[in-house]
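One structure is given below, encoded as structure tokens.
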Amino acid sequence: MRIFNIGIVLLSGIFLACSSIAFAKVTGDTITLGAAVSLTGKYSTNGKHTKNGYELAKNKLNAAGGVKVGGKSYKLDIIYYDDESTPARAAQLAERLIKQDGVKFMLGPYSSGLTKAIAPVTEKYKIPMVEANGASRSLFTKGYRYMFAILTSADQYLASAVDLAAAAAEAKGKSASSLKVAMIFENDPFSQDVRLGVVEAYKNHGMKAVVDDKLPKNIDDMSASLAKVKATRPDILIVSGHSKGAATAIRQISQMRVDVPMLAMTHCDSAGYKEKFGDAAEYTLCAAQWHKSLSYSDSLFGSAADYAVTFKGVYNYDPPYQAAESSAALQVWKDAFERAQSFDTDKLRDALAVTKMQTFYGNISFDSTGKNLGKPMVLFQVLDGKYKVVSPPKWASTKLVHPRPKWSER
Amino acid sequence: MDNILLLIEAPFLSVQAILDGIIIGALFSLAAYGMALVWGVMRIINIAQGEFVILGGYVAYFLYEAGIHPMFGIPVAGVVLFVVGYGLYKVVIYRVVDKDLFISLLATFGLSILIQQLMNIMFGADVQIAEAGFGTSFMFDYNVTIPHIRIVTFIVSAFLGALLVIYIKRSRLGQAIRATAQNARAARVMGIDTDHVYAMTFSLNAAICGATGALVAMTFAIHPYIGLPYTIRSFMIVIMAGLGNLPGVIAAGTGIGVAEQFADYIFGAEFRMAFIFLLLVAFLVWRGRMLARKREVLK
Amino acid sequence: MKNKAILEVCNSSKSFGGVIANHNISLTVPEGEIVGLIGPNGSGKTTLFNTIVGTHPLDNGEVYFEGQEISSLRVPEIARLGMLRTFQQTRIYGGMTGVQNMRISSPLIHDSNFSTMFSGLPPEVDERSDELLEFVGLYEKRNLMSGDLSFGQQKLLEFAMALMNEPKLLLLDEPTAGINPTLINGLIDRLKLANEKFGITLFVIEHNMRVVMNLADSIYCLAHGEMLAHGLPDEIQNDQKVIDAYLGAS
Amino acid sequence: MSTTSTGNTGSTNPLLYIVILAFGIAAPFVMPAYIQQVSFLWIFILFALTWDLQGGQMGYNSFGNIVFFGTGMYVSASTQVALYFDLGAWNESGGENTFIHATDEYFIGLAAGLVLSGIVAAALAAFLGSGILGLRGQYFAICTLGLSVAAGEIAAGIDLIGAGSGMSTPVWPDAADSVIERGTFFYILCFMLAVATFIACKYLYSGRFGMVLNAIRDDEDKAEAMGIHTTRYKALSWTISAFFLGISGAIMGNIIGFIDPVDVAFTGATFGVWMVLMAILGGKGTLWGPVLGAAIFHIMQELFWTYFLGWQRVALGLLIILIVVFLPQGILGSLREHFPEWFGHRLEPVAVEDEK
């Protein structure tokens, strides 16, 4: 009998909790977007960059008059949830944003893995999503129609570094196919995708891989892999593993005095690379979607450099590209709303598909799979404690220093 | 296969692996010794061990940020964590100390989640390091590297371990701790304030973890979510060595450290965690089997 | 010997890390009798029980149950053959009610294959369980958590559980320890009754001389891990070696 | 010391079953927006029930049951894909290949996946159980914890199932939407599986199986001394749990749509621990405790997520500590301690009619 009563109370509790649904999509003069970002868990650093990027652009857009649809001006608002850096939670939250909070316009989470979990949900409900932080190329092979990524896919992150090395070798009269490549990648969707791109690139040049290590996600020590690198003396060492991997790598490479002619990585700036490691970081090649020294600009933020100043003024640190991408995602939404002049999700999808715009972050236009074709990746090298763009040639502000000086000669 | 060939072709890799393993093992042994202390005296398996280590690392990191050499972080982290440990004992642990082992296991698990998340909120999820600024030594024509910080780590671990053993052997509190470990009820009858002993034991363990953490921040890197491997390694070492067996702890610690390094070379680093954990499972099952032969069970 | 031996121990030895607990012990328990085992504290009585029922492996010697060698069998296998023991520190299933403790002790549980493991138990089991609970005087407390029963009641419950299992031979480790003296006579009667009515052979460790003299048909006496004496209760009572052993003179 | 509810405890009001069933059936219509949360609720109930089969009833506190969940997830997803495509190519999915399941392919694959996932998980449990169930107490708990972490790391190293990049499950065919909506379909699967698990547990606890498990929990040595085949029962109990967990993993994998080895499949630190907490919160060793615990836990967690954004894990950690410190017996366990007569533990001087 008592158990029965408990059961009844419980069930009525569930019903009660569910009856307080707040429907939101467009109410009054507010357009509500939804985003699951990683506020806790292993991606929380970059999750924070992502959220800051969204917030900055939202406030800036609202201050600049909001979004004009049908002659009326709307303010943007964003509902955030914390996906705890796990795909399981991210998928649930996407469902929740769409079905309970009535969100019709989605922004992406941080990282490829989480985007992979969210994309099937948005696709199912035919909710357009502009995502700024999911670069894994398998995202673009599932035929998703409602997902638009404003970044370059992950396989292109470091492929250009391999090309640079090949060019440098040929300039010295050596054949590119004589080069040896060492790869150390974290075992997660993003880094493994970067690896695929690198593998394709070095195979194109006929190079040989001498080390191909995967690191577990909880890595704090890669000395075994680096010892292998020392033993095999490769010409290029490529490392990718989010901020944690970048920080561990640079520290141990300098500690162990690993001498390689070329060292390339991802996530240098979000790891606070040059600030934290000083000299140890010198001559490293870093892949980035964006950098403040690039010559892109738009009417809202001004130039890339202006964006960096604005961002720093609000959040007190230099914007990593993760933040810039996120800000740009909101600009893409605004553009789509204003071109579609509608809040209909299908019309918005079609508008998004034909996006062609310039932002401080770069040119944006999507191909049929939803990835951005408008801008290339950039590679910079840390020189004298500064990030200098070395590739692509169009933006190169300095010449690549190659090979890296040996540790004993510094 | 290639990996094994590489080991044979480049013998200095083995030297490197053994050196790294021993130094890392010393670090693990220290945390493991603390865990054995708590386990033996209080019958609590502290899942939050790794979080204490990381917390200690943050103390060293903040000293470093404040411009103080992180070596000072070793004693400071010890003191700070001692206080933290005492507080946690008074608030949570003393309520579960006499309960079922599984209850205390869960309680410390809750603590570990709590500490992790609070660290994330307070310090951020960035990877942090406290650079000690020591140099590096080389052997075999630059092929084997020994960062000095690792040597320092080894020496400090050994020194702290020895200090601890002497303290437990000689001091009054140490004697009370040993008496309580053998038979808490008898100790209570003999007028030992076991509650105080428990509080001190738990705080002492936290202090050891804190010092270990300071070394970790200088040798490796810290961030809020990297505690669990330290807990698991400590646990492995303790079961392999048995409670209250310091030479065993050191042997098991360095053994695991070296085994891990070689596993890295042979199976690839992506299986490192799997290797450690499967080793744990295999060891337990093997011990269970051996005891079953004597018609006993692992209890 | 009037009856054939149900249990035979030949030259059993057991030591724990150099401490010799049992040395060359031989004894026989005839079917249908009540045999007592006495000896001062630490003389190796419980160790002997443990080696007989398979808790510890024997260092040396053999154990036969109904003529079959059981020295290398394990506890549950021996129990299924029909030799059961109770524990000095009473062991019952504290988280279950008295009735459940009884039901789970039914010998039908020994038969565990895929068809029977998931089935219930036939009504005869309940009848028998009620009968035995009645027999030990716990019927009205049968639905209480057995962990909440008093120590003496738990002892009785353990005894009832052992009877429920319908063993051929029951090894009792100090059945009267910790029981209120006024209840001891009742317990002795029940033990005797179990022996007569259910035909269960009993092998009893007992400290209380009055009890064991009253109960046993024959008695073995252990001291310092060795068999000291064997005989009828009267003989043992007057045996100088036994008296010395108990007074610590030897 | 824990409590039990086998056999003859107070019988449950049949109305409760009717209300719960009615809730289960009505949920997709009454609150379609919450269909996924309610699906998760059923799965959580299953988690707690299957954990309790060892932890509560048998006294073997396992942190490793999540292994079977993850195994089921991978087995099902691999089956679904491998029936129609090359598994390796699916997971690498470089280039411009697209893989789309036709409607009948999707459902046939899913059916095969569900069945296989249960069988493989159960077989794995039988195999692992033979080694690990010989350990007792904290050694068993830690050994299973090690197993759950190792499983995730191993899965992350196997390229065929996508390694660390994870694996996507087949996309729901649009054509099927005209018959049934995806969420509703999986909701029904979750609901049916949870009900089946509950019925299985209830049945097991009503017969000798449950009694033997309780006996093992209360005193395994005694149970052995009484001639019970303890090993057989222990292994079978784990196998049964694994069977249901395997299928739940298969369903969950399809609901989430993307399998990450550590964060979705072998989630020792989240689902793996939650199942323990839910059972303890409700009262381990009881039939209804895990159900109650799962419901309360799930609702609390959803509320935390909504109202303590960013602090929800802190709240969770606190909740764990509060539960184990102040309510180690769980809700039903505490009720039983204070009001034993509600559960049928009373003096019965005269022979009243025999329950059961």
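Should a chain be cited, it is by its letter among A, B, C and D, assigned in written order, with residues numbered from 1 in that chain.
Everything below uses one rule, namely that a contact is a pair of C-beta atoms (placed from the backbone, for glycine too) under 8 Å apart; a residue touches a chain by one contact, two chains touch by 3 or more.
Not measured: the values here are computed from a predicted model.
Asks: Which chain is most central here if centres come from C-alpha coordinates alone?
Replies: Answer by centroid distance: D.
Asks: Compared with chain D, which chain's mean CA position is the farthest off?
Replies: Result for max centroid distance from chain D is chain C.
Asks: Across the interfaces A-B and A-D, which one involves more C-beta pairs in contact?
Replies: A-D
Asks: Centroid of chain A to centroid of chain D, CA atoms only: how many Å?
Replies: Computed from C-alpha means, the inter-chain centre distance equals 35 Å.
Asks: What's the distance between the Cα centroids of chain A and chain C, rounded to whole Å?
Replies: Those two chain centres are 73 Å apart.
Asks: Which whole number of Å gives the spacing of the CA centres of chain B and chain C?
Replies: It comes to 48 Å between the two C-alpha centres.
Asks: List, in ascending order, every residue of chain D touching at least 2 other chains.
Replies: 153, 156-157, 163-164, 310, 313
Asks: Identify all positions of chain A at which a residue touches two or more other chains, and write them in rising order.
Replies: Touching at least two other chains: 40, 187, 214, 216.
Asks: Got the chain C residues that touch at least 2 other chains?
Replies: Those would be 74-75.
Asks: If we count contacts the way the header does, which residues on chain D are in touch with chain A in the complex?
Replies: 10, 12-13, 15-16, 19-20, 23, 30-38, 40, 92-100, 153, 156-157, 163-166, 168, 171-172, 182-183, 252, 255-258, 260, 262-264, 267, 270, 288, 292, 295-296, 299, 302-303, 305, 309-310, 312-313, 331-332, 335, 339, 342
Asks: Using the touch rule from the top, collect the residues of chain D that touch chain C in their complex.
Replies: Listed in rising order, the residues are 1-4, 6-8, 203-204, 206-209, 211-212, 214-215, 217-219, 221-230, 232-233, 236, 285, 340, 344-351, 354, 356.
Asks: Would you tell me which residues of chain A are touching chain B in their complex?
Replies: Chain A reaches chain B through residues 40-45, 48, 187, 213-216, 218-225, 227-228, 230-232, 243-244, 247-248, 251, 255-257, 271-272, 276, 408.
Asks: In their complex, what parts of chain B are in touch with chain A?
Replies: 6, 9-10, 12-13, 16-17, 20, 24, 117, 120-121, 124-127, 129, 136, 138, 142-143, 145, 147, 149, 220-223, 225-226, 228-229, 261, 264-265, 268-273
Asks: For chain C, which residues are in contact with chain D within the complex?
Replies: Going by the criterion above, the answer is residues 53, 74-77, 79-80, 84-85, 87, 91-97, 99-100, 103-105, 107-110, 112, 116-121, 126, 130, 139-145, 147, 161, 165.
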